[in-house]
Each structure stands twice: as structure tokens, then as C-alpha cells.
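Following are the structures in question.
One chain, chain A, appears in both complexes that follow, with chain B as partner in the first and chain C in the second.
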Partner chain A sequence: MPSSSRNALLRINLTQQTATTEDISLELAAYIGGMGIGVKLLLDEVPAGADALGADNKLIFAVGPLTGTSAPMFPQTCIVTKSPLTGTILNAYAGGTLGPEIKQAGYDALVFEGAAAEPIFVFIDGKEVSFHPAANLGGLGTSETARRVRRTIALPEARVVSIGLAGENRVRFASALAEHRVFGRGGAGAVMGAKNLKAIAVHGDRPVAVHDPGVFEAAVGAAWALIHAELDNEFSLLGMFSRHGTGSGMGLVNERHVLATRNHRFGHFDQAHEIDATAYENVYPTRPVSCFGCPVHCGMLRRVRDGPLKGLFSRGPEYETMYALGSNLALSDREGLFRANDRCDQYGMDTLTLGAVLGMTMEAAENGLLKESAGLRFGDPDSILGLIEKIAHRDGLGDILAEGPARAAEKIGGNAIDYAMQVKNSGYAAWMPRSMKGTGLSFVTANRGACHKRAPIGVEIMGFVDGTTIENKAAIVKEIQDKVNAYFTLVSCRFAEFVLPPEIGLQLLEGATGQTLSDEEFMQLGERIWNLERVFNIAETFGRKDDLFPAREFEPIAGEDMDAPQFTRVEADSMLDEYYELRGWDADGVPTSACLEALGLADYGKRMALPGADKTNR
Partner chain B sequence: MDTPLLRLDATKCVECDLCSLACSLAKMGQANVKIARVRIAKQWPDHPGLNICHHWRCDSLACIDSCSPEALELEDGVLFIDASLCTGCGECVPACPYDAIHMNELDWIAVACDLCGGAPACAPVCPTDALVFEASPAPA
Partner chain C sequence: MRIHVRFAGYYRTLAECASLDLELTESATIDDALVRLNEMLDGRFTKVFSGAGVQRGYPTFLTLVDFRIVDRKVTLREDNVMAIVPPMAGGCQ
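And now, the complex of A and B:
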């Protein structure tokens, strides 16, 4: 029977420059796709303690059963690897058209292993895989790299993943760009850089069939109806994203005094209206762009008409960047922020972790902790752009900052670590745990470091649950973590969960591949993956000692009418206790053997008993 | 001019490829934008183009001349390719200045958008109404 899955993975050995195709085993297929098979493969193939920037680490690109089909909101590609930023397991996502191209090339996953001796790019043209020298692409920006790769292979329609200078220089939070979409978090770009893999080009033209067109088309129709209703409502989240991009909610967040400002000291940014979506729309000609097959079109492509940046076009900034490099750094210079966002895309670095690094650096400079701090100050675009250059080149102070917020703060010394808004060395996302404690719990327990993709942001910001209490947050967080992990096996856009309930995803899956799962089985799959990730991290010696909030969370939010802290260490501990218990983990956050057995993961208990964590990368 | 046409307002197009997906499903029964007859030509960061036959402003109609078995003709304002006459030589593909003719990967004959006989599958799925079908458009 036909299936939308290829039942094939392509294994590319960069050391030997060979490629082989393998069947997806039944055991692997039980993880459906995307994040599921990526995590399972990494656990099975990368030993505990492997150097994230060494040849032992693997870089997995995985798509899902709905990728390349006509199901709306499933355009993304998932990367799974060991993160050089956190030392934990990483999953990161980018939309665009890469995923469907991988599927059309004939694969559910690409596994890159080993490391090339010289810079290369790899071209996957259906069954043909070729290796090309890339020394001449060294130092080029991500867009120019993609252009030249396409020219070299003489195939303008090929899709390209590329890294910039930050990835080449192994900046620990380097990103990889799938054209105008970004695998942002966790340093996948540095993993590519360490493997001397400057770019990957993909081309394929195989059709994507579905198992049962009747069932599938009915589910697609149901999904469309839900999405249309949402898009027709201009005040719904997707309705807003569709009209103005992800930055459309900034005013609301600011109004509610949860817009992290000046390195999370304040919850309100007086100049937010200078850098929100409307401000950009009013100044720069903007046109929305979609990912494959998605009617939401939340990406905003803008062009600079005049002034010193005349001619520059760039997608964004997205909401999270408006926070990370905007309010968080008190930057109200719209053009400076646009420029910084573009430099990050061209150098290939994650704007979120960069924002945490720069916030820490500026506060350390304000407090006299930096020798090399001349002129560094909040709100100054030149300080920000200057540090981006230094980090990408690993020049001077930039070499320290390229290590990520916590590691850089340790090198700076003093109490700089208190200024580092991070968990496990991964920079915060745009939210303030003091006012959104469930979101805070998501940050500290996330397997990839401070992560907003599996956080109850919507319900806390809209006030559906009280963000200021810790009540019931462990259960809410566990549920959203498991649920989003399950969606990421399909691989959906994160926003699909806002509008498509699990039963639609499962009908689509049944129509596409014939796999039938109940809601409970689907949620349990998410939980199984969550625990597999935790096992990976425990084997890297992570535990409760790392599930920590930065010290700032236990201070009052400045500028607000409050004299006591909004959040206490007792509350934080109590949420963690409750969360670990709910997950079936012990008080140190280690999954118990009973928990692993119940999830069918008993074999993985052994991995946690093995010493050998990679201290050099911690 | 009184000829049915698909018109793309490039300033509204978000390049989602839903039209091409719908086309490939309707005409070929498979999700495969690579064989769609209606294709969005992406020219990022510039606005995209629509790769379909623009015969009403095509000076040469070189595709028709290029076809030795005379399989191509304009019929009621639509480029018609007679599959029974097409030999699969592919001469018409590069002849078209609008990149509107493709070789069908399944049986290797030339294909082009035929407006689905007046009820195209593509235009109704466009999320921004950038792609519209006009059965009898006003003179331009």
C-alpha cells in the first residue's frame, strides 16, 4: 500500500564521503517521524560523552509523514543533534520548502556523520549524492553561500541549507539557514561548521502519495475549515500572525507588563511601539511569505527603501528577535534592529541566545566587570552590531561571548553569572517567569535548555490560568511538553497546535500512512520521546542541579509597583518536586526504572549508569 | 481581448505553492509541485511570476511553430496540446518564453495548463486571492 513516508534514511559519512540508503526499521517507524526518529537515532548512535563538535556527534535532518503532502501547516524540518551550546540533546526546526524537498528526494531522514577534512558541500539529488569542495565559500554569508551552491550545481530550484561565519567559527549558538528560514536554537550551525559542512543542497521530484486518499482528503478538509475560521478572525493569534507576522503581539505583551526589558530587569518597554510589527510595516515595504502549503504566511519580507541600508531586504525581525535584540537590550532603533537581525541571519547565529549574551555583557559592563567595555551600553545599536561582528569572528571579547551566556559569564567572573538569563547555557526566550511561572518551569525543565516551544505561554499571557501562581503548573507543563513533542513527530509547525487538535493530526496520519493511534497513544509517544531526551541528558551528567532559574528571577521586577519578589526559591523547588513526581522521576530528576519500563524504554536505563560525560563541552 | 485566463497579482502572492499542489493533485493525482502545470516562479526577494501560457501577449507563439507533428494549437483562447499527436520531442518546452510547457514525467508528453476546462483547481485554494480565474475578462 502507498504511504507518504519513504521508509528510507540517507546516511552520509563525511569522513569517507560516502552515502548509503537504509530502510527505516519497524522499531524506528513506531516513533512516526521528525523529532521522534531523530531522537531515537541519536540515542542509539551517539555515545554518552561524545564531543558535540567532534566527529562522533551526528547531525540528523528528519521530516515527517505529512511533509510534502497537501496537509496545511506541516512544512517544517527537524534537526536533532547533540548541542554544542548546552551539551544536551537538541531539536531545532525550520520551515520554508526544505522539508518537502527532502521528502521528494526520497527520504524521511538524512544522517550526517563523521567530519570532512576540508570544507565541503553535499548535494543530494534524489538517489545521487555528490561531495563538492567549499573552500571558496569560506566566510560567505548564508544567502550568498546558497546562491553560489545553486550556481555550482546549476540547479536554481534546489533547496539549500547553509551556515555563515559563526558556524564556521563554531560559535556555540550558530544557526543553520534553510534559505529564509532558520534552524535557530542550540548551535546546529556550529555542528555543521565542526564537520566542515558549509552547505547541503537537496533536490528531488518524486511524488508524495498517501495511503488512503479518502480519509486523507477528509482530514485535510477539516483542517482547512479550522484554519480558515481562525484566519478570518483578525484578533486570533493566527489571524494576527497572518496579517502582521509574529511581531503582532508585542503591544499586548507590553501592555500586560511581561515584555522582558533591559536584560529582564523590567517588564515594560516604553519604546516598544518603535519596534513592533506595525512600526516595521509602516516604514518598510513588507510582503508576507509562506512556508510550503501553508495559508498562514506569517513570514514578513521587508525591503529598505532609503537611507544607509537602502536596497537591503531581509525577513523579519520575528517576535522573539524584537524581544531578544530589541526590548531586552532597550534598543528602540528600528533600523539598527533590522540590521542586527539581518547580520545574525547572514553570519548564522541564534538571535535569542545572542540577546541573552549581549544583555549579560552590557550589564556586566555597566557594573565594571569588563576590561574591554568601552562604549558598551543598552539601547546603542553600534554596541550591538559591533559585538555581533566580534562574536562571528571570535575576535577579542567576541571569542568569550561566542561560548554562550553562562560560559561567557563564568569567564568574565564576578557576579556576571547573575546577569545571564539562560538555562543550561541556552538564552531565554521572550517571556518572564516571574509573571508566568508555568512558562518558567518549561524553561528550566526543557531538554534543550530555556525553550519556549513547549511552554503554556498562550494560556498564561491571556490569563486563562493565573501566571503568578505555581498551582497546577507541573501538570500543565508536562501536558504541553508531551503534546508538542507528539506534534513534532508529524512534523508540524509549532503554531499548528493552536488550531489543529490531536485528532485531526491523527486522521491526517491515518490517511497518509495507515498508522492508527489513539489520542492517548499519541500523547504517550510524546512522553516517551521526552524521557528519551532526559535519559540522554542524565547520561551527560545533567540533573536537578542544572534545572535552575537565573538569580534575577528571585528579584522584584523593576519599575513595577511591588516591594517583594514575585517568585521565591521555595516556589521554584516546589514546582520542580511536583513536576519530577508527575513524570515518575526521582528527586534528582532522574527517570526511575519503573517510569522507563512503563514507556517501553527499560533498555535505556543502562545509558544513565554509564559515566563518561563530555566535561570539555560543559 | 476575450479569453479566459488565470491572473496572478504578484504583490499578493505568498509563495505557498498551494495552487501547484492543487494542480498536481487534480491533473496528475499526486502531490508533486514539480509536475504541476501552474507554477509560481520564485524570484526572492522580488515578487514571483506565474508560469502559464500568456498567448495573448506572446508575439511569436513559438511553441506552435516548434511542433513538427502540429500537436499544439490555440483553441478558444487556451493552448491545447493534442496528446495523440505529441511525440515527446520536447522542442516546445524551451520555445515558450513563459516557461509554461512541461514534459509530463509519467508518460513523457508535453503538457500545459488548460484551465481545467474552465473550472481550475488552483485558484480557489489561493489563501490570499492572488491567483484569480476570469472566465471572460474585461478587455485589458
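And now, the complex of A and C:
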């Protein structure tokens, strides 16, 4: 019977420059796709203590059973690898059209292992895999790299993932770009750089069939109806994203006093209206761009018509970047922010962790902790753009900052670590745990560090749950982590979960592959993957000691008219205790054997018993 | 009593300021404040809200008092900070 899954993975050995196709085993297929099979493969194939930037680490691109089909909002591709930024397991996502191309090339996953001796790019053209020298692409930006790769293979329609200078220089928060979409978090770009893999081009022409067209089309119709109803409502969240991009909610976040400002000291940015979606639309001609088959088209492409940036054509900034390089750095210079966002895309750098690094650096400079701090100040676009250049080139202070916020703060010394808004060296996302304690618990317990993709942001912002108390937050966070992990096996857009209930996803899965799962089984799969990730991290010597809030979280939010919510270490400990207990973990955050057994993961207990990992890459 | 009003998004343009202070009678509600605000700003908010409350057919907006989203029947107190957030700035349900 046909299935939308290929049941095939392509294994590419970069050291030997060979490629082999393998069947996906039934055991692996039980993890459906995306991060499910990626996490399982990484656990099974990468030894504990492997150097994230070494040849032992693997870089896995995984798609899902709905990728490349007509199911709306399932266009993404997932990268799973060991993160050089955090030392934990990483899953990172990008939309666009890469995923469907991988599927049309005939694969559910690409596994890159080893490392090339010299810079190369790899071209996957269906069953043919070729290796090309890429020394001539060294130092080029991500867009220019993609252009030249397409020209070299003489295939304009090929999809390309590329890294920029940051990845080549192994900046620990380097990203990889798939056209206008970014695998942002955790340093997947540095892993590519360490493997001397400048780019990957993919081309395929095999149609994607589904198992039961009747069941599948009915589920697609139901999904479209729900999405259209949401988009028809002009002022629904998804409707606003569709018309104006993700930056359209900034006013509410600001008025709720949870828009992190000046390195999370304040919760309100007086100039927020200068850098929100409306502000950009008013100045720059803007048009939406969508991922494969997505009716939401939340990406916004803008062109600069005059001034110093005349001719610049770039996507964004997205909401999280408006925070990270905007309010967080007190930057209200719209053009400067647009420029900084574009430089990050071209160098290939995660704007969220960059924002945390720069916030820490500017506050350290304000407090006299830096020797090389002349002119560095909040709100100054030249300071920000200058540091981006230094980090990408690993020049002077930039070489220290390229290590990520916590590692850089340790090198700077003094109390700089108190200014580093991070968890496990991964920079915070846009939200303020002092007023959103559930979101805070999500940050500290996230397996990839400070993750906002599995956090109760919406319900806390809207006041559906009181974000200022710790009550019931452990249960809310566990539920959303498991649920999103389950969804991510289908490699959905994060916004799909806003509008599509799990049963729609499961109907789509059944129609596409014939695989039937109950809601409970689906949620348990999410929980199983969450625990597998935790096992990986425990074997890398992570535990409760690393599930920590930055010191700033226990200070009041500054502001003259703010009756600030307080957050105490006792509350933080209490939330963690409750969360670990709900998960079936011990007081140190280690999954118990009973927990692993109940989830069918008993064999993985052995991995946690291995000797402590090498911490040089943490 | 006196409260402080903050405008987000397009309402800032409409009001021609980011914030202002408003004098109200004791036990006034948010709806009362909106009516008073419209009068004070020469009817510039008539399209959005009037004496009858929110204009029919106009998209809803969110009102916040002291940084929490609240219903418009809520009674205000001296020194409250009331914010009005239009849909385009995230003020939608």
C-alpha cells in the first residue's frame, strides 16, 4: 500500500564522501518522523561525551509523513544534533520548501556523519549524491552561497541549506539558512562548519502519494476549514500573523509589561511602536511569503527604497528578533534593527542568543567589566552592528562572545554571569519569567535550553492562567511539552497547534500512512521523546544543577510605576520539585527506571550510567 | 479621581499622544472612562467606542488595568494605569 513516508534515510559520510540509502526500521518508524526519528537516531548513534564540533557528532535532517503533501501547515524540516552551544541535544526547525524537496528526493531523513577534510557542498539529486569543493564559497553570505551552489549544479530549482561566516568560524550559536527560513537555535550552523559542510543542495521529483486518499482528503478539508475560519477572523492571532507577520502582537506584550527591555531589567519599552510590525509596514514595501502549502504566509519580505540601505531586500524581523535585538538592547532605530537582522541572516547567526550575548556585554560594559568596551551602549545601532561583525569574524572581544552568553560571561569575569539571560548557555526568548512563571519553568526545563516553542506563552499573556503564581504550572508545562513534541513528529509549524486539534493531525497521519494512533498514544509518544532527550542530557552530566534561572529573575522588574511581581528561589525550587515528580524523575531530575520502563525506554537507562562526559564543549 | 491612560498601536496616532491623565468620578468603570476619553479627545474615538460602549461591527480591543487584561465593567481606582490595545497591536482575543 502506498504511504507518504519513504521509509528511507540517506546516510552521508563526509569523511569518506560516500552515501548509502537505508530502510527505516519498524522500531524507528514508531517515532513517526521529524524530531521523533531524529532523537532516536542520535541516541542510538552518537556516544555520550561526543564533541559537538567533532566528527563523532551527527547532523540529522528529518521530515515527517505529512511533509510534501497537501496537508496545510506541515512544511517544516527538523535538525537534530548535539548542540555546540549548550552541550545538550538539539532540535531546530525551519520552514520554507526544503522539507518537501527532501521528501521528493525520496527520503525521510538525511544523516550527515564524519567531517570533510576541506570545505565542500553536497548535492542530493534523488538517488545521486555528489560532493563538490566549496573553498571558493568561503566567507560568502548565506544567500550568495545558495545562489552560487545553484549555479554550479545548474539547477535553479534546487533547494539549498547554507551557512555563513559564523558557521565557518564555529560561532556556537551559528544558524543554517534554508532560503528565507532559519534553523536558528543551538548552533546547527557551527556543526555544519565543523564538518566543513558549507551547503547542502537538494532536488527531487518523486511525487508524494498517500495511503488512503479519501481519508486524507477529508482530513485536509477539515484542516483547511479550521484554518480559513481563523484567517477569516481578521483580528485572530493567526489572522494578524497572516496580514502583518509575527510582530503584530508587540503592543499587547508591551502593555502587559512583559516585553523584556534593556537586558530584562524592564518589562516595558517606550519605543516599542517604532519597531513593531506596523512601523515596518509603514516605511518599507512589504509582501508576505509562505512556506510550502501554507495559507498563513506569516513571513514578511521588505525592500528598502532609499537611504543608506537602498536596495536591501530581506525578510523580517520576526517578533522574537524585534525583542532580542530591539527592546532587549533598547534599540528603536528601525533601520538599524533591519540591518542587524539581515547581517545575522547573512552571517548565519541566531538572533535570540545573539541578543542575550549583546545584552550581557552592554551591561558588563556599563559596569566597567570590559577592557574593550569603548562606545558600547544600549540603543546604539553602531555598537550592535559592530559587535555582530566581531562575533562573525571571531575578532577580539567577538571571539569571546562567539562562545555564547554564559561561557562569554565566565571569561569576562566579575559578576557578568548575573547579566547573562540564558539557560544552559542558550539565550532567552522574548518572555519574562517573573511575570510568566509557567513560561519560566519551560525555559529552565527545556531539553535544548531556554525554549519558547513549548511554553504556555499565550495563556499567560492573555491572563487565562495567572502567570504571577506558581500554582499548577508544572502540570501545564509538562502537558504542553509532551503535546508539542508529539506534534513535532509530524514536523508541523508551531502555529499549527494554535488551530488544529490533535485529532486532525492523527486523521491526516492515518490518511497519509495508514498508521493509527489514539490521542493518548500520541501524547505518550511526545512524552517518550521528551524523556529520551532528557536521557541524552543526563548522560552529558546535566541535571537539576543546570535547570537554573539567571540571578536577574529574583530581582524586581525595574520601572517607576511597576508593582512588580516577585519571584523567589523557593518558588523556583518548588516548581521544579513538582515538575520532576509529575515526570516520574528523581529529585535531581533524572528519569527513574520505573519512568523509563513505563515508556518502553528501559534500555536507555544504561546510557545515563556511563562515566561523565567531556565538558569541553559545554 | 485621576487615572493614567496609555495608548498602544494606532490608538496612539488617534489620540496624538502615548499617554494622558483622565479625571473621573469615584467608582467609574472602564466603559465610563472610554466615554470620557472620547469627549476629551473631541470625538476622535467615536468610530471605536461611544456612549453605548463599543461600536457595533468594530473589532474588539483589549483593555488592561495595571498591566492585567480586564473586563470593561471593572471599576477603576485612583492612580490605576489603564491601557487600550487595538487588535493590530495584539489586542484581540
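Going forward, the second predicted complex is superposed on the first by the 611 of 618 C-alpha atoms of A that agree within 3 Å, B and C clash if a C-alpha of one lies under 4 Å from a C-alpha of the other, contacts with A are read in each partner's own complex, and residues count from 1 in each chain.
Just so it is clear, a contact is a pair of C-beta atoms (placed from the backbone, for glycine too) under 8 Å apart; a residue touches a chain by one contact, two chains touch by 3 or more.
The model shown is predicted, which means the values in this text are computed figures rather than measured ones.
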Fit or clash between chain C and chain B when superposed on chain A: fit
Chain B versus chain C as contact partner of A:293, first or second or both or neither: first
Which of chain B and chain C A:494 touches, first, second, both or neither: neither
Which of chain B and chain C A:234 touches, first, second, both or neither: second
Touched partner set for A:544, first chain B, second chain C, both or neither: neither
Contacts of A:257 with chain B and chain C, given as first, second, both or neither: second
Which superposed partner A:104 touches (first chain B, second chain C, both, neither): first
Partner chain in contact with A:273 - chain B first, chain C second, else both or neither: second
Vertex chain A; arms to chain B and chain C (CA centroids, nearest 10 degrees): 90
Gap in Å between nearest CA atoms once chain C and chain B share a frame through chain A: 19
Interfacial residue positions of chain A with respect to chain C in the complex: 234-237, 240, 244, 248-257, 270, 273, 276-278, 462-463, 561-563
Chain C residues touching chain A - in the complex, by the definition given at the top: 4, 6, 8-10, 12, 18, 59-60, 62, 64, 66-69, 81, 83, 85-93
Chain B residues within the chain A interface of the complex: 11, 14-18, 21-22, 24-25, 28, 30-35, 44-45, 47, 105, 127-128
Residues of chain A that touch chain B when the two form their complex: 68-70, 72, 97, 100, 104, 179-180, 205-210, 231, 287-297, 301, 303, 313
